[in-house]
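Below is a structure I'd like to ask you about.
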Amino acid sequence: MISLADQFLVLVLLINFISLGTSRLIFSIRAVAVQGVILGILPGLIHPFSWHLVAITLVIVTVKGFVIPQLLGRAVRSAEIKREAEPFLGYVPTLLLGALFTALSFGFAGRLPMLPEHQNYMFVPASIATLMSGFLILTTRRKAISQVIGYLVLENGIFIFGLLLAEAMPVMVEAGALLDLLVGTFVMGIVINQISREFSSLDTSLLTSLKEE
Amino acid sequence: MHFVLQGAFDPALVAIGAALVIGLAGIPGLFIRQPGPGQILSAVVTVLSATAGVPAVLQLLFSKTSTTYMLQWGLPFGLCELVIDPLSAFFLIPVFLVTAAGSIFAIGYWPAAEHSTNERGLTFFYGLLASSMAILLMARNGVFFIMVWEVMALSSYFLLVTEHEKAEVRRAGIVYLIATHFGTAALLVYFSLLAAQTGSFQLPVAGSLSAISPSATIVALAAIIGFGAKAGIMPLHVWLPSAHANAPSHVSAVMSGVMLKMGLYGIFRTLTYFHDPPLLWGGILTLCGITSALLGIAFAVAQRDLKRLLACSSIENIGIITTCLGVALLGVSSHNNTLIYLGMAGALLHVLNHSFFKTLLFLGSGAVIHAAGTREMNLMGGLGKSMPRVALLFLVGAVAICGIPPLNGFISEFILYLGLFLQLKADSLIYLVFLAPVLALVGGLAVIAFTKLYGSVFLGTPRCPDAVTHHEAGMTMQMPMIFFAVLCLFIGIAPQLALHLVSPAIAVCYPLLQLTELPAEYGVILGKISLSGVLLLSAVVIVSLFWRWRLGRAPVTSATTWGCGYQRGTARMQYGASSFSELAVSVFTGIIRQRIDRPVVNGLFPGTARCSDHPSETILERIIEPLFTMIGISFAFLRRLQHGLVHVYMMYIFATLFILMLWAN
Amino acid sequence: MFAALIILPLIGSAVTWLIPYDRLRPKVLAFFACVHFGITLRMLIYTPSESPGGWFHLDALGKIVLLSTSILFMTCAFYSIGYLFYRRERSNRLLCVGVLVCLAAASMVTITHHLGLMWVALETTTISMAPLIYFNRNARSIEATWKYLLICSVGVALALIGIYFLAYATIVAKVEPSLLLDDLMRDAGKLSSGWVHAAFVFLLVGFGTKMGLAPLHTWKPDAYGEAPGLVGALLSGGLVNLAFLALMRIYQLSLATKEIIFFQNALIVMGLFSMVVAAIFMAKQADFKRMLAYSSVEHVGIMAVAIGIGGRAILGALFHLLANSLTKGVLFLASGNIHRSYNSKNTDHVRGALRRLPWSGGLFLAGFIAITGSPPFAPFISEFTIISSAFIQGRMLIGAIFLISLMIIFIGMALTVLPMVMGEVPPESEATSYSDTVWTVGPPLFLLLLVFILGVWIPAPLMALLRDASALLEVH
Amino acid sequence: MTNSTIINSTIHIFLALIMPPLLLGVIGKTKAAFAGRVGAPFLQPYYDILRLLHKGTVFSTTTSWVFRAGPIVALATTAVASLLIPFGAHPSPISFDGDMILYAYLFALGRFFTMAAALDTGSSFEGMGSAREATYSCLAEPTLFFALITLSRLSGSYSLTGMLSNVSSGAWLYAGASLLLLIGGMFIVLLVENCRIPFDDPNTHLELTMIHEVMVLDHSGPAFAIIQYAASLKLFVLGAFFVQLALPFATGSPFPDWGIFIVSMLLLAVIIGVVESVMARLRLVRVPQLLVAATILAAFSTLLVIR
């Protein structure tokens, strides 16, 4: 099973790079959706079977895989934009940075003490790498929608780490966190719609009327 | 909250009660609908409590023991002690006298009927200021001290901005508020470090601390900054001229007559803590003092605004007091009882004297402004005829503040001179005597400043057209002035009595030194002074009688002033305030800076042109304001960091994360 | 008891959601806020025992935060009756619902000892406040909302991973894995320092963002500037304290580990940095609501420095938490009134407020004096406690920076506030329908009264509470 | 009160009453001699004063009581000052530690009222005069104090009598340099305070250049007589100080000493006359510089004695 989980995690990292590298918003939304689905499946791979596990998996898959992508997709369609026009940082440099951060996170994870049974998992590095990619997207993209995507990727990174400590995290808290994420993204979706109505664009570099001069 | 009374009923209770009542005096007025009664009520209450307070305070001054009142308050800073020892009692005398006089003066000067918008607030904060000052002198808990101190500062600020619709007043207010807050910041450091040394927020007892530790130096420095900013010692005086000039006159009287003294009280109090002050402290104090005295009076000479001139002379007098204090401190360091005694006596006596004649002068200036409707001396003149009584009273104040016999100003300066001269006998610090000529110069400048003031305001003929509106001040305005004029003359004629007032206070400050024979010795000398004072007055009487006798024997006619051949002299041709000081300013240029607007006059028939001079606030305008502008510019540059780009904000977050990570490992 | 504290506001929110009348909603809001306050008082007096499993436990720290939050929410609820009367042009449904949901979540934060649950509640408060910030429905407010939402969500997400790190540390340390504060404190000694370090960093940044410590404060001026004064009061007086409470929980934990020194130093550095930043941004600040936002940055900085210094300063920090939230309430509510009356929050247009609105202007002036730490108001007590303990501990440099930035901030605020309230009303400023009423002036006046009373006399029970709370945060 | 002190005081007061105008007469005579004229009799100043006392008075309509107070206070202060200063080797009637400060400040009082009276007339010329008087006398103050310090250091005494009676040929031996400097400074002060050439010309007729005389333009009759007498008394009192400094000769027996004192006062008058004859009036802008120079001289003398 371990190897399977690791392969999935590699897939997750790959998706990070896709969402870093692509300019087509719908595509990256889909990619993140896939990432969500994978994350939904992962617990099943590392934990023994239990109904609560099934429930979790189902919830995660529906929320991350379908509900949120739907929300964002609607926002994109209503704003009728196809692609992230000119990001603050070009795609190639972003990818390179992403690679660098991934490498760094592997190094960082190596320096942290871990359970022997987790030693040869990729969980920790993958989670940190995903976190970093999310951060990269947040800081380099111009469109509000891609910033939400960045936020989602970041959340996914956190979620991957959460997989390691299912027994420490009670269901209720797990669910609460998910709910918050869902509602948060939902509100963000609404706000995005408002932005596109107000500014007839999702370009956050237009949102600079509030500043000190 | 409950009182812990120790000992039976005593005058201290009366004094505390009086202070509290004065604080509440203004409150009824806030709720009385029609203007007037509230003001009169508060005046009556203030005067009554003052009349109750002064005897109590005097009794405390001469009593050997002082009661301690502990107030159990909810704040976590230890007990809140109230003590009135002779030093506090001594400073309480002017507090009660001046505030009472001011409240009477206000009835005539700031009638509620004419100032219905701001009279209530004025009366209320006036009472608050008065009582906060009184309680400040009793406070023995550092935190309580600061709280009362701030109440004093804030209430005086609100009094200052009574006419806040005027831009000038607002500006003066802001400068004052910032200055006083700066001082308070220093005091926070001061009390914290004291607490660090003593382990509690109670003020240390006299001579209990050693000045050797480095923190003691910081304590002293903080005290000089914090209290000096309130007292107006140079270079912390920047707020003073504009504040005193723009406040209502009776408020200026209280501010200058009493509030500045609170700062000095703090310094007095601080110096008592240490039994072994290094020479450096005394040196610094003396230097600050003499500088303030010289520069203060030099600025005063250049002023053209009546109240600004008085304010600058306050700086001078504070400087003289500080000099006395520094000299006394040097005496402590060099174990020279004579120097200690004469320095302290001069300082304390001048505190009293200054509060008397400066109040007299500010009240007088209030009466003048009330009559002339302006503070610009170049527009006044000839008020001596329309308001003869005020003119006489003002003359007393002017002569007194110049330190001229036979009035009280001379006495305190005389004591300082005596101390300096006696230093010639001492084996150390002999060069102190060089202060004497400087003081003499200060005296000379004071004479210039006040002849200028008196001449251009009261003498000659009116310069401004609306002189017809001039009127003698009402009785409510005159009575306080008469009171203080009498006090000035009394202390001037009977100085040896004044010496008895100060001795107990000195004994509190320096319990270690025996003050048995010293007062008697100097009492004799002061007796001689009073003798010559009497002689002088009698000489005046004799000469005037002789003159009257001669005057009766020959015809007395009156004519216009001899214009040296020019027949059409007009009022505007008189020597004005600015022209009077022009020569002195030109001699002392460099110390005194002023901007002179000279229009170019050319052509055969030049049009009308005005030449005017504007004395400049050197330190404020040349140093502090530019500094603020510079800081403002650099801040404006830094403010670009808040540029509104959300993704860069994100970067801030992650940068912080990384930095902390690196720091953590 | 615990349940009631959380359920009742939720019921209230449901009710307000259902009510169709804009006029009625604020009153219902006020009613539920009062009920909540009642429960709070009862819980302060008869402290309920720890819930089974130890998830809910109202300790002294929680009590203080709960008290300040509850008072503030109640006052603001009453204020909203008067305020929303002048905002009849738009529906206030979302606002009322949001306030009550936020209240519920806030109570949750104060009473829970489970870090995960606390995180959930915090995130809920964040989200529930978003619609309130967007109340004005214009370009500026949408921008503010967007920035608030994004930055705070990311920040709180970072806090979550910090909590995960802690949990993982327990697993690594082979102790019974848990996120209950008490368990963690029990086993803190065994946790591996690597994970704990990382956890503290992430938690500090996460909660710091929510609290608005510089340089994580960037959302604050926008959100506070564009939200109604009412919401500003809730944010700066309520939510800030919740985040600070979370931080104090971590502080409690760090006391048990060996990492306390690092954590304290980090707090001091970030706190002082926040104060300096606030000082820089408050100079010549033309927008008085943004000025208040930066003042809030300053005060979280003060609190951070205080617990960083430790010792007596902790008492000061806890009292400052209370004093600051009350004073901020006064300032924001008064500023809301002034904003209504002048229809501008720029000091170029707002002049002579004392003439036009004697009450609101006076309140604003008094609030300014209080917040800058002048007696006889509560913030003086707390700030002096902090400063003096800094100097008594011989940490001169910290004290000096602290005082200097306070000084600059005072000058900056004075130069903004005094011209606002004093002088004459500019003739060109158009008259608006707003005028001071008992509903718009009463609540801030009530708060100011509290601030004044606490400035001269701290009731013995409160003092005891403060001492207990600070005992929880002191090194043993 | 022993017999001798009573006699001394009587003579002291008598001299102070009678002698001052004589100095003016002597100065006038000296100047006349230099100009090759016969000049007015020695007693001319007495005649002037008597005549003025019998004349009527003209008051300016602009003046108030301050104007009338001017001459009176001026005379009163000078009179009291004359009781503080010792004449020759004889102690002064009133003497106590620190009387020199009173001595200095009494003149300030007189000045204050003289200037006030001048300003009261509202004449621009008199205002000008009082402005100059104020500035110059202010600059002269420090010199006087330096002198007092030096003397008090030399004598170890704090009263005029003590410090002046101590200055003797003996003092010249060990502190000659500083005394010399002092005399230089004090002579300038003497001339300034009494408005003599080269600082002021008592009998010029161009008001623009006057200092003291222009301040009293409007006084007439008895008032003016009082002013004249007060001026001569001031010269006498300051002169006594200077003479005791410059010519400290004493026999020890009282009556010869009185003689010596009178002679040396007359000698001083002659010297002043000579100076006035050989020098021209300085330009007003030069006056402050000379005064500062005097201060520096005095300061140096003080340094010399207290180092």
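In order of appearance the chains are A, B, C and D, and numbering begins at 1 in each one.
By definition in this document, contacts are C-beta pairs under 8 Å (C-beta built on N, C-alpha and C of every residue); 3 or more make two chains touch, one makes a residue touch a chain.
Keep in mind it's a predicted model, so treat the numbers as computed, not measured.
Common neighbours of chain B and chain D under the contact rule above are absent.
The interface carrying the most C-beta pairs in contact is the one between chains B-D. In terms of the distance between Cα centroids, chain C is separated most widely from D. One inter-chain figure worth recording: chain A and chain C are separated by 30 Å, centre to centre, where each centre is the mean of the chain's CA atoms. Averaging C-alpha coordinates per chain places the centre of chain A 101 Å away from that of chain D.
Separating the CA-averaged centres of chain C and chain D is a span of 79 Å. Note: centroid distance chain B to chain C, computed from Cα atoms, is 44 Å.
Contacts with at least two other chains are made by residues 639, 642, 644, 646, 650 of chain B.
For chain A, residues touching at least two other chains, in rising order: 138, 147, 204, 207, 209-210, 212. Contact with two or more other chains is made by residues 146-147, 150, 154, 198, 221-222, 281 of chain C. With chains as nodes and touching pairs as edges, the resulting graph is of another kind, matching none of line, ring, star or complete.
Inter-chain contacts occur between A-B, A-C, B-C, B-D. Partner chain B is touched in their complex by these residues of chain A: 88, 135, 138-142, 147, 204-205, 207-213. Contacts from chain B toward chain D in the complex involve residues 381-382, 384-385, 388, 391, 395, 399, 402-405, 410, 414, 417-418, 421-422, 424-425, 430-431, 433-434, 436-438, 440-441, 443-445, 447-448, 450-452, 454-456, 458-461, 524-525, 528-529, 531-532, 535-536, 539-540, 542-544, 547, 550-551, 553-564, 569, 571, 573-575, 579-584, 587.
Contact residues on chain C toward chain B in their complex (touch as defined above): 146-147, 150-151, 154-155, 158, 197-198, 200-202, 204-205, 208-209, 215-216, 218-219, 221-222, 262, 266, 280-281, 283-284, 315, 352, 354, 369, 372, 374-376, 380-381, 384-385, 387-388, 390-392, 394, 399, 403, 406-407, 410-411, 414-415, 418-419, 422-424, 456-460, 463. Those residues of chain B lying in contact with chain C across their complex are 1, 73-76, 143, 146-147, 150-151, 154, 161, 164-165, 167, 170, 173-174, 177-178, 181-182, 184-185, 188-189, 191-193, 195-196, 631-632, 635-636, 638-639, 641-642, 644, 646, 649-650, 652-653, 655-657, 660-661, 663-665. Contacts from chain D toward chain B in the complex involve residues 53-66, 71-73, 75-77, 79-80, 83-84, 94, 96-99, 101-102, 104-106, 108-109, 111-112, 115-116, 119-128, 130-132, 134-135, 137-146, 148-149, 152-153, 156, 158, 207, 217-218, 221-223, 225-226, 288, 295, 299, 302, 306.
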